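Structures are listed in the sections that come next.
Next, two complexes with subunit A in common: one pairs it with subunit B, the other with subunit C.
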Partner chain A sequence: MQTGWSNETAREIFPAMWDGFIVVLQVTVVAGLIAVLLGLLVAVVQRVGHPAAGRTVNAVMQFVRNTPLLVQVLLVWTATSLYINPDWSAFAVGSAVLGVHYASYTAESYRAGIEAIPVGQWEAATALSLPTHRVWGAVILPQMMRRSTAAVANWIIAMFKEVPTLFIIGVLEMISQAQKYQGQHYTGAVEGYTIAGLLFLAASYPVAVAMRRLENRLAKSHY
Partner chain B sequence: MDLQAVVDSLPRYGEPLLTTIVVTVASAAFALVVAFALGLMTSSKHLAIRTPARAFVEFIRGSSAVVQLFWFAFAMPVLLGIQFDYLIAAGIIALGLNYGAYSSEVVRGAIAAVPKGQLEAATALNLTPLQKMRLVVLPQAWPEMIPSLCAFAIMLLKASALVSIIGVMDITALAGLIGSQAGQDRLVHYSVVLVMYFILAWLIWTGMRALERKAKRGLGVDVKPVKGRLAPEVAAGGVR
Partner chain C sequence: MQNPTTDHPIIEFDRVNKSFGDLQVLNRLSFTVDPGERVTLIGPSGSGKTTILRLLMTLEHVTPTKDPAADGGVIRVGGQPLSHMEKGGRLVVANERHLRQVRRRIGMVFQSFNLFPNMRVLRNVTEAQVHTLGRSKDEAEAKARELLDVVGLSAKVDSYPSQLSGGQQQRVAIARALAMDPDILLLDEVTSALDPELVADVLGVLRDVADTTSITMLIVTHEMGFARDVSNRVMMFDRGVIVEEGAPDEIFSDPREARTQDFLRAVLAE
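What follows is the complex of A and B.
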């Protein structure tokens, strides 16, 4: 039975935790891209798509948003590994589920950004007879981006901190690494989980501070 | 797949469902206490009170709830030489502290948003700082907090599923357990559990909206239903 903190164990477990941390970053990039792009697509479909399509997408996203990521990951992983294709990696499946989960949040932030655009902008675009792709590309999206960027970035930071959930399907992030080490050495719980927490802190605190500055600047520059 | 087997196993969800509800309600109650304590402390004008609270909030929010859960369940007992008789306690502490730290920003923001004239009037009436807080500031700040606290309550409900991975038998853990038995289908059980969570989230949302209406009516403000309402998490400004 382990007692207290051991510097030696901490030194020994650190390389494994670092590997896990790199995996967390990789998942964040892949899932973050999905969340950013899919969220945008969902927000646009809700605005321009057929009302029935908009309602369906909205209902699905609401369900995704209001149910636990952990169960979603388990459900999709069971489906892919047992029924669809056992060759799909936990990394790919986990990143996809995480990305879709957070797309359900980013979509709402994009929607808020679109709805905040004064109706006169739409009317002016119509008066100029701009084609739809120009209305979106030249008028709506640039204005929406300024309003939504900070909120979307905050969701990505929140997502980054939820990556360890994927340990449940065997993605080798920090929790998995700590457990692997414990399985081999019968020690390392204190050191592993503490290092994991500190690595998260070291990575997310500077980003959070930068985000707050960006938010303040955007708020000043345009409302 | 045998549908009858799934239906027959539904009564077994009773006790785990209670566990999920207990974890959510207990950690929400704990989080509320933490949120008010930290929110009042970070609103303080004394640096000696504000700084430690600020540091604690940043520390908790900066790392991951999942990691904190494992830390409280498996690292803290070793460091302190204690043992949890029930790991559910570790889960409630970890989730309550994490969401309490997030919600403390909501409390702080709502307190800061109370119009300054109200405070000046309270001072003019010679109210003590405690009376000022209890009779003037909080009654006006509280209704403003409800939508954001609702968003965090739903996130807390979702996070409560995490206690299954430290060995607490909640509905998520039970779905995995029953689903792997002969004649059962894990996919169906996970789907059943997702629907249960969705219903619980809907209950929280409905309850909170009734609470908000009541609190605002107490201030003489009417809450009008808004068409195309945003998700509470986003309407509340997201997680910060």
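What follows is the complex of A and C.
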């Protein structure tokens, strides 16, 4: 059994790792959309919904935020397989759990963004009798986005790096691919995990730099 | 200035109470304002002046009474209940739909301008015209440009509020309120947040509005010169009740009540 680094093995494992990386990106897109949209919905419901709805949503989000992602993934995967539909794919269930988990964080960033908007903005909208959809769509959300975008983007980057957690339910991301290769060839762990790390770095570093630029641009914008 | 008509009051406070927790800000307050009248509310901080404007703008709600028909506690605008609505022959606390309908007659200019910072000046003035009044975009833009011209800001239509001085922002806020063709304009300490050199421009614009329109105005201000020039009537408040009211010359030159005299002495000494 080979124990050190082998260029040959690295070359051989790379296509499988690349496939795993594509899966990571796909999960990130699906879970990211859920995190961005559900988080926004939660923040809005907490602000304008019926108090009972707000309290319920808040309790669910507290639960999601305060339990480990791994536990949630295993729990939902087991529960859906046993009680709902055993044919649901690991990709779908894993992406949904990851998205909901991070929605609990993005919702907090949105909430902070909404609360930072001066009360005078709400009062001006009331004084002008703007319809509710314009108050949110034209006044509150654009100002909230400016305040929350950087924080939400940071959560999405953090989420991207947590996609490997889904290997536990068999989503064929990079860790699963490395383990699969290792299982078949009794080698490739070092190469596989190294490639996985480098691909994560290659993808997340430029995004982090772009986010910093966006943050600076937003700080300099006129509002 | 036009003479106010006196057919029926455009604003009526009928024994209105307003409390914030244990603090009673308005205490069975009653007064009326006729159409076209310009009334200045003066008095020390916490006397309830701003609360009156905020109740009219429906940013605050009256403290309800058990039986509004008998006990009062109702604000009426143009004879129509504002704080309440009629339901099954009884007056009940107004719902959002009713408030939305009635407050369209009222415009407000705030101390801190409250322009929408994410919108350019022109859109600040057109947004509610289009989405509240249902005007076409062209119509709203034409009206906005006309009013921005009146307030001397034609050149700033494409600027963001953050690119304007405080005085310019307040003039945009005045244009925004006027664009809604209000019957009543509420001015809440509109120069208090401005540097002294910018106050004159804003007051100049408001003097023009007062001279050229018949809009009823309720003004809360510490600018006594402006109050004297523009108002028909001055009401002195203290602890949620009217201490004294009268024509500006009477109140400013010859106040009867000691509390008014003390207040004016303190304000004029500033």
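The rule is simple: the second predicted complex is superposed on the first by the 220 of 223 C-alpha atoms of A that agree within 3 Å, B and C clash if a C-alpha of one lies under 4 Å from a C-alpha of the other, contacts with A are read in each partner's own complex, and residues count from 1 in each chain.
In this section, a contact is a pair of C-beta atoms (placed from the backbone, for glycine too) under 8 Å apart; a residue touches a chain by one contact, two chains touch by 3 or more.
The structure displayed is predicted, hence computed values, not measured ones.
Looking at the shared chain after the overlay, A:R146 reaches subunit C, while subunit B stays out of its contact range. Residue contacts after overlaying the shared chain place A:L75 against subunit B, while subunit C stays out of touching range. In the superposition on chain A, contact of A:Q121 is made with subunit C only, not with subunit B. After overlaying the two complexes on the shared chain, residue contacts for A:L130 are found with subunit C alone; subunit B is out of touch.
Shared-chain residue A:Y186: touches no atom of subunit B or subunit C. When both complexes are overlaid on chain A, the residue A:A138 reaches subunit C alone and has no touch with subunit B. Looking at the superposition, the partner that touches the larger set of subunit A residues, subunit B or subunit C, turns out to be B.
For the contact definition in use here, the subunit B contact set and the subunit C contact set of subunit A share no residue.
Residues of subunit C that touch subunit A in their complex: 57-59, 100, 103-104, 106-108, 110, 112-119, 127-128, 131-132, 160-163, 176-177, 180. Across the complex, subunit B meets subunit A through its residues 58-59, 61-68, 70-71, 74-75, 78-79, 81, 154, 157-162, 164-165, 172, 175-176, 179, 186-187, 190-191, 193-194, 197-198, 201-202, 228, 230-231, 233-235, 237-240. Across the interface of their complex, subunit B is touched by residues 2-5, 62-63, 65-72, 74-75, 78-79, 82-83, 105, 108-109, 111-112, 115, 151, 154-155, 158, 161-165, 167-168, 174-175, 178, 189-190, 192-194, 196-198, 200-201, 204-205, 208, 212 of subunit A. Residue ranges of subunit A in contact with subunit C, taken from their complex: 118, 120-121, 123-124, 126-131, 134, 138-139, 142-143, 146, 222-223.
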